[in-house]
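Below: one structure in C-alpha cells.
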Amino acid sequence: MNVAPENYVALSAVLFFIGVVGVIARRNPLIMLMSIELLFNAANLALVTYARAWVNNAGHIFAFLVITVAAAEAAIGLAIVAVTFRKEPFVDVDEVSALRG
Amino acid sequence: MIAFWILALLMIASAVFTVTARRPVHSVVGLLVNFIALAATYLTLQAEFLAVMQIVVYSGAILILFVFVIALLSSGVRPFDVGPDRMPRILVPAVVFAVLTLAGITVTALHTPVTVLQTTPTNGTTGDAGAFGSVANFGVALFADNLLAFEVTAFILMVAVIGVVLIAGDEGPGGVVRRRPKRVIKREPILKARPPSPELVEGSG
Amino acid sequence: MTVTALVLGPLVIGLLLYLVPREHGGIARLVAVAVGAISFGLALYDPAAGDASVRWLSRPFAASFHLGFGPVSYWIVVLLALATFGAALAVTGPRSRALAAQLLILQGAMNGVFLAKDLLLFALFWDLMLIPVFLVLVEFAPHGRTAWKYLIYNLAGGLALLLATAAFGYLATTTDVIGKSLPAGTIGSVWGAWIFAGFAFAFLIKTPVFPFHTWMPETYAELPAPMVAVVSAVQSKAGLYGFLIVGLPFLAPEMARAQTLMFALGAIALIYGALASLVERDAKRVVAYSSLSHLGLIVLAVFSGSNLAIAGAVVYIVAHGLFSAVLFLALGAVEQREETRDLARLGGLGARNPKLAGALMLGALAALGLPGLAGFSGEILILTGLYRAGFVWPALVALVAVVLASAYMLRLFQGIMNGPEVPDLPERRDMTWTEALAIAPLVAGFVLLGINPAPLVARAAALAQPAPPALVSVRAVPEDSHAAGAR
Amino acid sequence: MLLYLVWLLPLVGGVGLWAFGPQLKSWAGPIGSALVGVSFIATLFLWRDATAARALDVPLGSWLPGWSFGLLLDRLSLIWTLIITGVGFLIHVYSIGYMDRDRAFARFFAYMNFFVFAMLTLVLSDNVIGLLVGWGLVGLASYFLIGFWFYKPTAVAAARKAFVMNVVGDIGIMFAIFLIVAKLGGIGYGLIFANVGSAFTPHELFLVCLGLFIGCAAKSAQIPLHSWLPDAMEGPTPVSALIHAATMVTAGVYLVARFAPLWSASPDAQELVGAIGALTAIAGAILGCAQWDIKRILAYSTMSQIGYMIMGVGIGAYDAGVFHFLTHAFFKAQLFLGAGIIIHALADEQDVRRMGGLRKQMPFAFAAMLVGVLAISGVPGLSGFFSKDAVVYGALQTGHPWLYAVAVVTAGITAYYMFRLLFVTFFGAYRGAVDPSDLGIRHPELAGTAASPGHHPEEEEPHPHAPGWLMSAPVAILIVPTIAIGWLDFGSNSAWKQFFAGFFPRAADAAGAAPISEAVSTLLVLLAVAIGFAVAYARYGAPAALRGAIARLRTETIRMPGVLVNAYYFDAAFEALLVRPARALGGWFDRTVDPHVIDAGVREAAISAQWLGHLFRSFQTGLVRAYALTLAFGVACIVAYYALAFGGGR
C-alpha cells in the first residue's frame, strides 16, 4: 500500500459527487439508476480502502453486501422503468408522480 | 502509485461521461469502463475476490440488465426525457449539496489521516491461497463470522426477485400474477363504515 | 411442555382455522370449543407443569423465551380456558370462522402474557393480544373509529411498556425475572420512577382506570358477544396482573410513592363507573362501566400492600372474569333475540325465557357482590384488608360503590327481564343448550369460588409472602398477630 | 349430622324446585312444604344438644387462618330456627292453597324454600361473615318474592327498592366486620365475645355497634331505612306473612340479641338503638292509622312492633325483646294469613274501604283476625299482652322513662288502628259494589284493585267465600300459640326467663330501680289500650258510625294529612337527596365528561398529529428528483457534522 489511503478516500468522494449530481440533474431514469450504481461503487471503494488500511475484511463483507443490494435495487428499478414505459410512450421521471402526497 | 493515478483519472472521466451522456447506451459504456477501472483499483487494495465480483456481478450482470432494458424500450428510436422540466433550477442546489459533501469528505479525510495499522498483511501477498482478501479468507469471514448478514442478504434478494416478478411480469410462474387492468388508482377507505343500526342508541345522548 | 402447548397451540390452531373454507364456520367453531376444553383440561391435569425456557437474547440484556405457571397466572389461565370455551360455543353467524380463529389467537396471546416469565416476552405478547381484538373490531364494529380508538390507546400503552421493559432489562441485565427476586437497589430510584411510570401507564390503560377508560365502553359495546366476554374476562386483568408480578416485587418503593395517586384514581374509577352505569341505556355499556368500577376496587387492593387485600384482589380478578363473561354472554343471547341493547326498548323477556333470565340474574348477582358468590368473597377480603391496613376512606368509598352496584345491576336485569312484555318484538325462544353449556361452567366457577376461595387465597398468599417491605412499612399495622386466636 | 340436614334440606328444595319445577307441576308445593316440615322436626330432635351447657357447633371450613366457618345452634338460634321452620312450614302449606292458580307455582315454592335456607344460614352461622352471607341471601330471597309477579312494574320497583335498601344495611355490617377483623384478625363469635372488653376502645365498640345497627335498621325496617317494607307488600300475601312479618324483618332483633355482649358494653349504642326502636314504634303506629290497604296497615304495624322488639333488645331487655319476637311471629303470621284469606276470596281486593260486613260471609277469617287483633293490641291473656308488657316494663327497669312513655302511647295507638282495621273490614255493610269515587278513591288502579293478569288468568267476580282446608288449617293451628304462648313468660320466674337464664348479659340497672311496680305499669298500658279501643269503636264500630260509613270514609280519605299519606316524605327526600343527584352525576359523567372532556383531550392530540401530517405531506411532491435532492441534503448534513467534529478539530 504505497498510496496513502486518503487518496483513495478522496477519489471515492469525487465519484460520489459525480453520482449525486447525476441522480439529481438527469431526468432519464436509466441514467439515474446508473448514477446510483456509481454512488454504490464510491461507497464500496471507501469500504475496501479502510478494510485494507486496518486489515479487517469486515469491509469486504460489507462491500459484498452492497453489491448484492445494488443488484436487487437495479432489478427492481429497471422493472419499474419497464412497467412505466409500457404505460407511457416515453420515460421521464418528472411525468411519473403518482406518489404525490 | 502511477497505477492509482491512472485508474483514478480514468474512473473520474468515465463517471463524468456516464452522467452527461445524451443517450443511455453511451452511459452504459462509460459505466463499464468505470467498473473495470474500479476492479483494478480493488486489486491494488488486495481485495482480489471483490475485484472478481465487481467484474462478474456489475459488469457481467447488472450492466447487461441495463443493456437489455435499453434494447427492450427501443431507446434508440424515442428520446427519454421529453416532458417539461418541472425542476429546472434543481442543478444549483444539487451542485451545492454535492460540493458540500465533497468538501466535507475531503476535509475530513485530509485532516484525519488513516492510521495504517499494518502496512502489509501478515498472511501472504495477493494471489496466495488464504491471503488477505483472497477467496478463502473472504469465505471464512462471510460464512463464519457474518452468517446472519449473509442470510439476510439472501432474503433481500429473494424479495427483490418476487418484487420484479410482481411488478414486471405479465404472468408470473404458474399464472399467479396476471396482467392488471388499467385502472385509476382509487383510495378506498380502510374501514367500510356500515350505517349505524337505528335501534342502537349509542350513549343514549 | 404443557405451558408451551397452552401458548402456541391456540395461536397455531387459530391461524390454521383460516384454511377452513369460509362457509364451514361451524367446523371452525367446534375446533375452537375443543381447544378451549382441552386447554382447561390440560391446565387442571397438570397444575405443576414445569417451565419451558429457551435462551433468546444475550445483549444488551439477557432474555429468554421463558413460560411457566405462577401463583396468580395459573388461575387466570384456567379462567381464560373456561371463557374461551364458553365464548367459542356462543360464536354464531355468517362470519363465525373469523371470530373463532381470532378467539383462539387471542387465547394463545393472552396465555402468553400470563405465562411469560420474561418481561420482554410479556411485553411482546402484550402487543400481540391487541391484534385479534383490533381485527375483530375492524370486521364487526359498526363504527370504524372504535377499532382505531382501541388500537391507538392500547398501542400507546404497549409502547410505554416496551420502553420501560427495555430500561428495566438494561439496569437489571436480564428480563428473565418474573417470579424471581432481584438484589435490592438494582433499579435505582431515579430510573425506577420512570420505569414505573411506563409500566403504570400501560397497565392503567389496559385495566382501564379513570381517566384512560374512554376506549372501553365503545369497544365492549361493539365487539361481538363472544369476543367481549373473553376481553372483559381476561384481557382487562392483564394490567392488574402486571402490577402484581412486576410492580410488587421489583418496584415496591415506587408503588408506595404512587399510592396516594393510585388510590385517588381507583376511587374515582369506582364511583365514576358506578354512577355512569346507573344511567347508561346500552346494556353492554352498563356492564362496561360496571367493570370500570370493579377494576377500580382491585387497583385499590393492589396498591394497599396488604396481604389480605392482595389475596382478595386475586380472588376478585378471577371472580370478575367469571361473572363478566357470564354477563356478556347472556347479553349477547339477549341481543341476538331482540336485536337491540337499548334498555328503554327491552323488557319482559323473563316471562318466556326463564333460563336466560336465571343466567343473567346469576351474573348480575355475582357482580353486585351477593354474599355467597365469588364477587363477595373477593370484595370482603379486599375491603377488610384495606381497612385493616389503615386505609379507612378508600374502604368507605368502596362501600358506597357496593350499594350503587346493587342499584345498577338490578336496573340492568330488571330492565331486560322484568316488567310487562314488549309486544312488537320478534320471536323469543329460551336458552339453547349450547348457550347453557357455555354459561354453566362459568356460573359453577363463581359459585364454588364464592363458597370457598381458599385455593386462590393460598396461592395468592405465596405471591404476597415475601412482603414488599416498602409497601408494608407505609402503614405499619400488624397483620396476623391475632389471627391464630379464632375460638 | 342432623344440623346439616336442617340447614341444607331447604336449599335442596330451593334448587330442585327451581330446576325441575315444570316437571313437578302441582307436586312442587307439597314437596317444598314437606322439606321445611322435616327440617322443623329435625330441629326438635336437636333441642337437647342446643340447650346443653356447650352449644352445638359444627365446623364447615375455612378461607384463611382465623376465617373459619361453622354452624352454631344455641338457645337463641334454636328459637329462631324453630320459628323459621315451624311457622315457615305452616305458611308453605297455606301457600299451596293460596297460590294454586298461579302459573309460576313451582317457582314460588323454590323461592320460599330458598328463603328458609337463607334465613337458617343467617341464624345458624357462628361467625360474622356467615351471618353476612345469610343476611345478603335473605335480602335476595325477599327481592325474588316481592318481585314475584315481575310483570307488574310496581312490584319490580318495590323489589329493587327493598334490595338496595337492604344492601345499605349489608354495608353497615361489612363496616362492623372491618373493625372486628382489623382488631381481632378473626370472625368467629367466640373470638369476638371473648375480646369485647380488651380489644376495643369504647369509641370503636360504638362504631361496631353502629355498623351492625345500620344492617339491623335496613333489614328490620327501622327509621330511616324503613320505607321499603310497605312497598314490599307487592309480593304474594304468604310472602308478606313469612318474610315481611314473621321472620326476615326480625333478623335485626336477632342481630342485636346475638351481639348482646357488644351492646351491653356500649351504653351509647344502647341509647341509640333504644331510641330509634321507640321512634320507629310510634312512627309506624301513627302511619298505620292513615292507611287503607289491608296489607299496608299490617306492614306498618309490623314496623311498629319490630320497633318494640328493637327497643327491648336495644336497652338491654334481651329476653323480653326476643319473647316479643316469638309471640309476634305467631300473631302477625296469623293476621297476614287471615288477610290473605280475605284477599284471595275478594280476587285481590286489598282496600279496606271496599270491604265491610265480611263478618257474616267469612266467619272463619273474622275469628282468625279477631284473635290476632286482640293479641297485637295487648288484651290480657293473649300472647301479645305478655310480651309487650315485658318490653314496656323493661324500658322502665333499665332506666329509660321517656322510652317507656313512648311505648305506652304506642300501645294505645296500636289498639286504635288494629280495631279500626277490624271494624272497617268486618262490620257494617259490604261496600264492594260501591263506586270507588264515593269512597274518596281517586285512582282505583293505584289502590291495588287491578287484578294481576298472571295470577288470576280467569277473571272472576269477587264473592266472599270460605277458604279451602289447606288455607284454613294453618290459620287454625296458629290460633293456638297466638292465644297461649304468652303464658310461657308469666310470673317472675317463668319458663322463658329460665330458658335464657345466664344467656344474655345482665342489664346494668337492677330491677329495683323502676319507680313503679310491674302491676302499675301493666294497668297503665291497659288504660292506653282501652282508650285506643274506645276511640276506634266510636269512630268505626258503633252502630251510629256504621250507618254513615260511606260518607265518613270519603271525608276521611280526602282530609287525610299529606304528611301521613306520604309517610313523612321519606321517599321523596331520598329521591331528591340521593337518587336524583346520583343519576344526574352519572348522566353528566356518561354524556359530558367522557365524550367532551376526556375524549376531547385525546382528540386534540390526534388533531395536532393530523396537522403534522399535512405539513409533511407538502414534501411529497411525487418528483423523484426532489426526493433525491432531499437525500443529498441529508448526506451533506451528515458529512458536514463529521467535517466539523473531526476535520476542523486539529
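Order as written gives the chain letters A, B, C and D; numbering starts at 1 within each chain.
The definition used in the following text is that contacts are C-beta pairs under 8 Å (C-beta built on N, C-alpha and C of every residue); 3 or more make two chains touch, one makes a residue touch a chain.
Everything numeric here is computed off the predicted structure, so don't read it as measured data.
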Neighbouring chains shared between subunit B and subunit C, ordered by label: D
Centre-most chain [mean C-alpha coordinates]: C
Farthest-lying chain, centroid of Cα atoms versus that of subunit B: D
Rounded Å distance between subunit B and subunit D, as computed from the means of their C-alpha atoms: 87
Centroid spacing, where centroids are CA-atom means, of subunit A and subunit B in whole angstrom: 4
Subunit C and subunit D, separation of their C-alpha mean positions in angstrom: 36
Chain centre separation in whole Å, for subunit C relative to subunit A (CA means): 54
Residues of subunit A engaged with two or more neighbouring chains: 20, 24, 27, 29, 94, 98
Subunit D, residues touching no fewer than two other chains: 590, 595, 623, 625, 629, 632, 635
Contacts with two or more other chains, residues of subunit C listed in rising order: 280
In the complex, subunit D residues that touch subunit B: 590-591, 595, 623, 625-626, 629, 632-633, 635-636, 639-640, 642-643, 646-650
Subunit D to subunit A touching residues, read off their complex: 616-625, 628-629, 632, 635
Complex interface listing, subunit B residues touching subunit A: 1, 4, 8, 11-12, 15-16, 18-19, 21, 24, 27-28, 31, 34-35, 38, 41-42, 44-47, 49-50, 53-54, 57-58, 61-62, 65-66, 69-70, 72-73, 75, 78-87, 90-91, 94-95, 97-99, 101-102, 105-106, 109-110, 113-122, 132-133, 137-138, 141-142, 145-146, 149, 153, 156-157, 159-161, 163-164, 167-168, 182, 185
Residue ranges of subunit B in contact with subunit D within the complex: 86-87, 90, 93-94, 97-98, 100-101, 103-105, 107-108, 110-112, 203-205
Contact set on subunit D toward subunit C in their complex: 18, 61-68, 107, 129, 132-137, 140, 143, 147, 150-151, 153, 156, 159-160, 163-164, 167-168, 170-171, 174-175, 177-179, 181-188, 190-191, 199, 582-583, 585-587, 589-590, 594-595, 598-599, 602, 606
